[in-house]
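We just call them A, B, C, D and E in the order they show up, numbering each chain from 1.
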Amino acid sequence: MTTDLHLWLIPLVPLAGFLVNGLLGRKAPKPVVTAVALIGALIPMLQVSAIVTKFSSLTLPHIENLGTWITAGSFHADFSFQLDQLTLVMLCVITGVGFLIHLYSVGYMAEEEGYWRFFAYMNLFLFFMLTLVLAENFLLMFVGWEGVGLASYLLIGFWFQRDSAANAGKKAFIVNRIGDFGFLLAMFLLIAHLGTLSFTRVFGQIGAHPAWQGGFLTAVALFLVLGATGKSAQIPLYVWLPDAMEGPTPVSALIHAATMVTAGVYMIARAHVIFDRSPFALSTVAIIGVATAFFAATIGLVQTDIKRVLAYSTISQLGYMFLACGVAAYSAGIFHLVTHAFFKALLFLAAGSVIHALSGEQDMRAMGGLRKKIPITFWTMTAAVLAISGAPPLAGFVSKDEILYQTFLTSKLLWSIGLLTAGLTSFYMFRLWYLTFFGESRAHTAAAHHEEDLAAVHARSDTKVVLETEHAAHPVHESPWVMLGPLVILAILSVIGGFMGWPEAFGGSNWFSRFLDPVVATGNAAPAGDSHLEFLLALVSIAVAFFGWLTAHILYYAKPALPARLATQLRVFYSLLKNKYWVDEIYGVLIVGPILFIARWVLGVLIDRGVIDGGTLTAGYTAQGFGALVARIQSGNIRSYAGWLAFFAALLLAVSYFGWTSHFYLR
Amino acid sequence: MLFPWLQLQVPENDVPLTDHILTLITFVPTAGAIVVAFLPRKGRAIQAFTLLVTLATFVLSLHLPAHFNYAQRGFQFQENQPWIASPAIRYHLGVDGLSLWLIVLATFLGPIGVLVSWRAIDTHTKEFYFLFLLQQTAMIGVFAALDLFLYYGFWELSLVPMAILIAMFGPNRGRQAAIKFFLYTFIPSALFLVAILYLYAKAGTFDFAQLQTLLANGDLGIAPHVLSWLSLAFLVAFAVKVPVFPLHGWLSDVIQEAPVAMAMVVAGKLGLYSIFRFNLGLFPAQARAIAPLMIVLAVIGILYGALVALAQTDMKRLIAYSILGNLSFCILGIFCFAIAGLNGAVFQTLNEGLTGSALLVLVSFLYERYRTYDMSLYGGLAARLPMLATLFVVTSLALIGLPLFNGFVGEFLVLSGSFPVHPAWVAAATTGVILSASYMLWMVQRIFYGKQSSLVLNRPAFDLNFREHITLWPMAILMLTMGVLSPYWIKGIQSGILQFPIDVTQTTVVAQRHAHGFVSTHMLPAPTPADAQKLMGGVQ
Amino acid sequence: MHLALFIIFAGLCVAGALNLLLQRHPINSALSLIVVMSSLAVLYLLLGAEFLAAAQVIVYSGAIMVLFTFVIMLLNAGKEERTHGSKLAYVAGFPGAAALLGLLTFIFLSHSSDYGNARLGEYLATTSDLSRVLFTDLLLPFEVTSVLILIAILGAVALARKEH
Amino acid sequence: MVPIAYYLVLSAVLFSIGVAAFLIKRNIITVFMSIELMLNGVNLAFIAFSRQWSQVHHQLQVNGQIFVFFVMVVAAAEAAVGLAIIIAVFRARNTLNVDHVDLMKL
Amino acid sequence: MNDALYILPEIALTFSGIIVMLADATMPKSADRKPLGWLAALGTLAALAASLWQYQLPPGTAYYGVVQTDAFSVFFHVLIAGILLASVLITLDAVTPETEGLGELFALMQFGAVGMMLMSSAVELLLVFVALEISSISTYIMAGYRRKSGKSPESALKYFLLGSFATAFFLYGIALIFGATGTTRISAIAAAVSHAVAGNHLSPLLTIGLAMVIIGLGFKVSAAPFHVWTPDVYEGAPSPVVALMSTGPKAAAFAVLLRIAYGALPQLHDHWVPILWWLAVLSMTIGNLGALRQRNIKRMLAYSSIAHAGYILVAFTALSSEGIAAASFYAVSYAAMNVGIFAIISHTGGYDDHITLIDDYRGLAYASPVLAASMAFFLISLIGIPFTGGFFGKFYVFSAALHSGMIWLTIIGLINSGIAAFYYLRVVAALYSEPTGPAPVLGVSRPSFPLLLAVFLTAAATLVLGIVPGNVLSAARAAAQIYASSSIR
């Protein structure tokens, strides 16, 4: 039976919100803007929840076609939306977290003059993100894919007067474009070989030909991975995400933690049929994932900007999700996606609240001792920290262990790295926790010590605050409830979210993965592991997480002097991590520099000016030269003219008399 | 169906003025020009009148898509009267899916051109608008003419107003630019004329349809090598006008010097349409032979244009090179002979005409405010001119092919269509999307973001006025509409494409051979003679 | 007899022509031109063209040359100084002239048999013979020459008139 | 009896000397004279040819001779005009040397 | 008496010339001579009417077969009458009341035209010669008419000396042809030649005679390499006169060349086609290249006229009645645009040529939009842009050449026209760019009525020839038909 769910409303409402705010918002009073924006976020959520209620009664996948978008020859792509378990999960996350963050922003952005713009962009983002997950074909998915990129470009560059922000936005967009390049090629390959981009048809055809292994499917998969690494900030294309922290904190929470960056994971899960046919592609994904997870975590160890720590942690967590997909544990990946959405959004929002409290201070070295001053923020943050660092039974613990367990079944090596990363994670998270909330407030001293750093930090921190720090900073203050509310809700989710997929090992039913199985169940079922092993591994990872906490406790609570000394002793590593392995610099030297050089000098000057314009000029001058030669005849002297005439007369006579003429012309 | 009206089909046979609609569309501007010649120079009478005329032309041209029979192949709205007895020249106009939207585009850009010149042109208004209208006629004529002589007439005629206007209004190097442009296009056209005359000498007719059949049946008894020379003569003349990579020497100078209304129409559609109509229509085999070379040039052009644009500091030059890049996409689409690619090529031609013009209009508005095209002097404008900034960003997004904008549809069709034919080259071309994003966003940032430059601070900021709004919004809206409702355009275009002898559905061809992984080189367009192969080098 | 006369007067002709070439004073050139013309008149006579022989003497060596000498006197042109305005005249012109001479001579002599020989006293063209043709077949050209002469007069007046 | 070819050769000689003279002489009047010389050469050719054709047709042919008559008329006219022009030039430039009459060149 | 009808236009012109002359003589010294111009124009109109009237005359010869009035000669009669009319009007605009010898000037123009007309209708080489001399001598005189300036007499002298020099060759050529055929009647020559060809005893005199005739006529039409006189003479002569002599005598000389080549010596085509081929190539190339560097507009147009002579010669090589028609048509369109542009030059530069440099024309559009626009139009036609006579002429010429397989000639020619675009365009660009400093061009007077009339007529002609050339084409084709028997195709 086909009940019309009007799926198209889900993305189109936020779009309407965007149009209204975008076109009229500048003039409109603030409350109106707020109302429009919140409605734009709320209605989709309500509709999704409505769908959830009658979900069981649906025939899945449920597809709604709105007509053709692009067609040529035999190929055509439609505006067609599809709803299945995977989509539903994503919808819940996006609309839910999305709405909360909208709510939060009302408070956070209250004093912005670009208020209307901000919310317009946010709604625009929702529109594209929802399109992305609702799409029934790769092309429509690509619409969302590029669209969220656009939204994040606009939001990162929200404070466009700041070059750093503008640069970050541009960087994000261009790096994402590199990924999109991969996505495009993947689509071209699919069209070339299957003649369609519709999920049902593509996966159907592949399913129908068990013979297809590797071959062009590998190529497709690898190009898709390239796309995913771009969007989900994986090696080698992760470089844009840390800079993206230039954007307002809610943006970081929504786009760069909860939703957009997970699009890559979603896409891989969605296209798992293709990946399943290409072990090579899968292992690539796994390796990229684990490498990114570890690599980002290490960088996270020494960052001092609170948002950057979270940024690297996001990258690292995304790595986990990739790892999961790489070992074909898609449901685990998605599960982690969900939980991560909860606690990472929470972390960002809480961090935002902290920054808000400190009037825009983002440097942890200038924080400390906030436990008492902003208790609610503190407690919610605590929940998030525990969740991410894998303390049972919080959400992060469950999802991460699921991933590690599945990895273990596939490859011990990957597992061990993943485990190590888990330790690092809990370490840097608690480091953040301690530095922020415990000890004495270091605001003034930090200012004294790290002048230049602070300058840098301030250059980065939000303008509204820069303005304020010029006159005396506010006293530290807790955020308004419109901001705290979302914190609390997310905190609760981070705590209990895990029970959705509570593993059998602990007497759960792993409902979540079973729920997703219709979509992502791989043909080759994973080796059914015994629950003891899973239990054992869980204990190990708990231990590791605990150890991570312990180190953090010692270094940043018990012996606050120690880190500095360590830093001096392991100077090499320290600066290596501190400077993020100089990856940006290396890219700059190896790729950007040469391209610009070639563009300006080789092509711009040498070829265009030199060869092409030069060629034209030479041609002109040659003609003129001949002209001068001809004019030379014109000496103005009658006798010369007569001589000229006589000469050619004689020549003509001779020629015509001896009948040479006929040989001397081309006919 | 969300857009049922998309399927609307008007099967009317006896619609008023269907018989002479093309003559009307073509020569209303000329009539207007003659009137303009007698209007007083004082006041805005000339502008207003020209605007009226161009609008009228546009409205008339809408008659075509409205009453076009999309089901039917071949030419419609034909007019075919004898003009000169001998040489046998006929006044033969006609429209098919190929030229349908190009004509509408040309007429659409008419009012835009007037509006954008409204203040920018304050001296010699009479000359300007006279020639402007003449140019309109020439362009429309090129698209509508079906008699080779008539076509050539309009083709050459389109040079003159352009050249004169560049010479008259070029701010600093106008004369050189004008002469450069003229010679660049005129000398190849001379050889083109030789080819036309040769055909006439052989066939005794200039009529496109007749020539097509004669050539197709090989009734003219022209030696193969002669045929390829003829097609080359055609192709070079068109390629210069497009322009195709090594022949683009005139483009940047002209875009820089020409008044915006002219710069908008100087490149692209005329040449590309002609390649379609004649190289594919008359010399399909030769076109296939040269295809490998053209594809290489196209790919080079895409990357070259994007990279050089990356290095520009002058807005207009940057736009010029981006135009070069975008047009190369069309060339790529044409010479891969895939149905989707061809559709995309035409669609992309429309896009370029639209988006490129919008961009030029925008920078000209900036120029009217700040009297410079040098990006390094701008900065932080978004804070002062939000509307202009918004529209600028929208246009840029359309140009870099963001989905739901027209640019994406074109690029996607071209690339996806061409991919099976030349995977490697098309992949290379696809990197163009990265580069185009880079230079456009960089331009946006340098003009609108960051600190407000002294130039910006010292000038009073006034955002778009009414005239500028009505100039820009139609284009912006059209960009979106074409991006979302592309089938409405494609169905016309495709009906024009299908007339060409192409192996229609490339993709299904591939579908049969998916078994062995990547598409292999015997996907290349039908037999390509050795010489072309050599030119190609390592493509396969 | 005929040949002797021919040789004498042909020689005179050529000598006069060369003298015209070599003399540096216009007057001398003019006089030598008169010699050429008069001796040509004799040759015409030898070819039986009585009327033209007379006309030659009257019109050419008479009227025209008088006009020349008159102008020379009027403008009292002196010896011409040997300026070197033109190399082309020597490097291109002379070879040209020489080639012309060579070529024509070659052609005439190589086909001399075609032209036959002229015997004295044959085919005498009397004035009446000429005038008969002149006023029938060639009436129109004859009339038209009046226009020519009219132009000549007009032109001479217009150009040589004293400026005021 | 004399071969008519001789007359023709003589005409060629005169004509060529005329050409040569045109090339050498600096004095405009003399240059003009050399043109007259050329014309005379042509006249001789005409008469010779008309004689030849008289012999071919065995009856008098006067067309050639009449042509010469016209040439004389034309020459007279030319002389009048030419000398007038020369006078004008002399008045304007005060020289009779062709080499000095080269104001306009290139 | 009936014979007179066959030379009616000539008679008309002669009489109006004489009337002008006498009127001039009778008028008081101080009187304004301009009315004489109108008188001349009237006479010219009469001649024009007469020529048009001649179309309904049964084609045939008159005066013992000396003149032949047929579609061909009438075509050129009309053309020449038109040119003369325009030139007279231009002169009326250029001259001032105190211009001396005005009466003679108008009379000379008309007498000259008589010569030109006779050239086109003469079928007797003697008459051709006399007519040629009439037109030449009158042009010599008119070239020297601006006696105050040093240049004008010089140009007259150059034209006169070199002209007579070339005429001598032409005459020798006739002599040789006469020697070879024993006659000077076109038809008789043709008969004799075909007889000789049949009997395969073709006299060498014929070939070199032909060559010499080509030299003489080549000089008159200023075809390279016999073009040397052209730039200097055009520069020195008064502009109104140049308007006449750059078109009228040329057209007539081309007519003569057509008569001799196609009428008298079609049998020798494999001799003269190659020669004309080379002349065409050289003329086009030298003309266009030479013009590239010119700074004086009259010199530039002189070179361009050389090039255009080349284009016309291209049509000769087509060796078909289509070619003849093309040549005739081109002559018309060239006359239209060239007279037109010289009309503007003579007004802008004045009778005394105080504005001659191309740079001096900068900003003419500011001084007089009408003049600038029409000048631009004529230049565009000279470039050969469609919908102008210039284009259609070129198109027709080259299509004729190509039709008889002259592929290389066509390529060379059209590339040449591409190069030519450069120097014409430079002038157009100059017209419309800002004048620099106190430009004399800004002081240009308002064009008088006769000039506007002349410009209008020529412009209209140029446009009509470009858009609806039908009538002229059929006239040209009819003119070509008379050689249908002789010509090869």
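In this section, a contact is a pair of C-beta atoms (placed from the backbone, for glycine too) under 8 Å apart; a residue touches a chain by one contact, two chains touch by 3 or more.
Please read all numbers here as calculations on a predicted model, not as lab measurements.
**Student:** List every chain that touches both chain A and chain C.
**Tutor:** Common contact partners of chain A and chain C, which must touch each of the two, are D, E.
**Student:** Quick one: point me to the chain whose Cα centre is farthest from that of chain E.
**Tutor:** Looking at centroid distances, A is the chain farthest away.
**Student:** If you average the Cα atoms per chain, which one ends up farthest from chain B?
**Tutor:** Ranked by distance of C-alpha centres from chain B, the top chain is C.
**Student:** Comparing chain centres built from Cα atoms against the global Cα centre, which chain wins on proximity?
**Tutor:** The most central chain, going by mean C-alpha position, is B.
**Student:** Counting C-beta pairs in contact, pick out the pair of chains that comes out on top.
**Tutor:** Here the largest contact count links C-D.
**Student:** Go ahead and note the Å separation of the Cα centroids belonging to chain B and chain C.
**Tutor:** 71
**Student:** Quick one: chain D and chain E, Cα centre-to-centre, how many Å?
**Tutor:** 26
**Student:** What is the distance in Å between the mean C-alpha positions of chain C and chain E?
**Tutor:** About 31 Å separates the centre of chain C from that of chain E.
**Student:** Could you put a whole-Å number on the gap between the CA centroids of chain A and chain E?
**Tutor:** Taking the mean C-alpha position of each chain, the two centres sit 78 Å apart.
**Student:** Quick check on chain D: which residues sit in contact with 2+ other chains?
**Tutor:** 8, 15, 18-19, 22-24, 31-32, 48-50, 52, 56, 63, 66, 70, 74, 77-78, 81, 84-86, 88, 91, 98-99, 101-105
**Student:** Send over the residues of chain E in touch with two or more other chains.
**Tutor:** Correct list: 126, 130, 133, 137, 140-141, 144, 147, 153, 156-158, 161, 165, 179, 204, 208, 231-232, 407, 419, 422.
**Student:** Would you please write down the residue numbers of chain A that are in contact with two or more other chains?
**Tutor:** If we look for residues of chain A contacting two or more partner chains, we find 631, 634-640, 642-646, 648-649, 653, 657.
**Student:** Using the touch rule from the top of the page, what pairs of chains touch, sorted by label?
**Tutor:** A-B, A-C, A-D, A-E, B-E, C-D, C-E, D-E
**Student:** Going by the contact rule set out above, which residues of chain D touch chain E in the complex?
**Tutor:** Against chain E, the touching part of chain D is residues 8, 15, 18-19, 22, 28, 31-32, 35, 38-39, 41-42, 45-46, 48-50, 52-53, 56-57, 61, 63-64, 66-67, 70-71, 74, 77-78, 81-82, 84-86, 88-89, 91-93, 98, 101-105.
**Student:** List the residues on chain A that touch chain C in their complex, please.
**Tutor:** 635, 637, 639-640, 642-651, 653-654, 657
**Student:** Write out the stretch or stretches of chain B touching chain E in their complex.
**Tutor:** Residues 84-87, 124, 126-127, 149, 152-157, 159-160, 163-164, 167-168, 174-175, 178-179, 182-183, 186-187, 189-191, 193-194, 197-198, 200-201.
**Student:** Quick check: in the complex, which residue numbers of chain A touch chain D?
**Tutor:** By the definition above, chain A touches chain D via 631-632, 634-639, 642-643, 646.
**Student:** Which residues of chain D touch chain C in the complex?
**Tutor:** Listed in rising order, the residues are 1-10, 12-21, 23-27, 29-30, 32-34, 36-37, 40, 43-44, 47-52, 54-56, 59-60, 62-63, 65-66, 68-70, 72-81, 83-88, 90-91, 96-100, 102.
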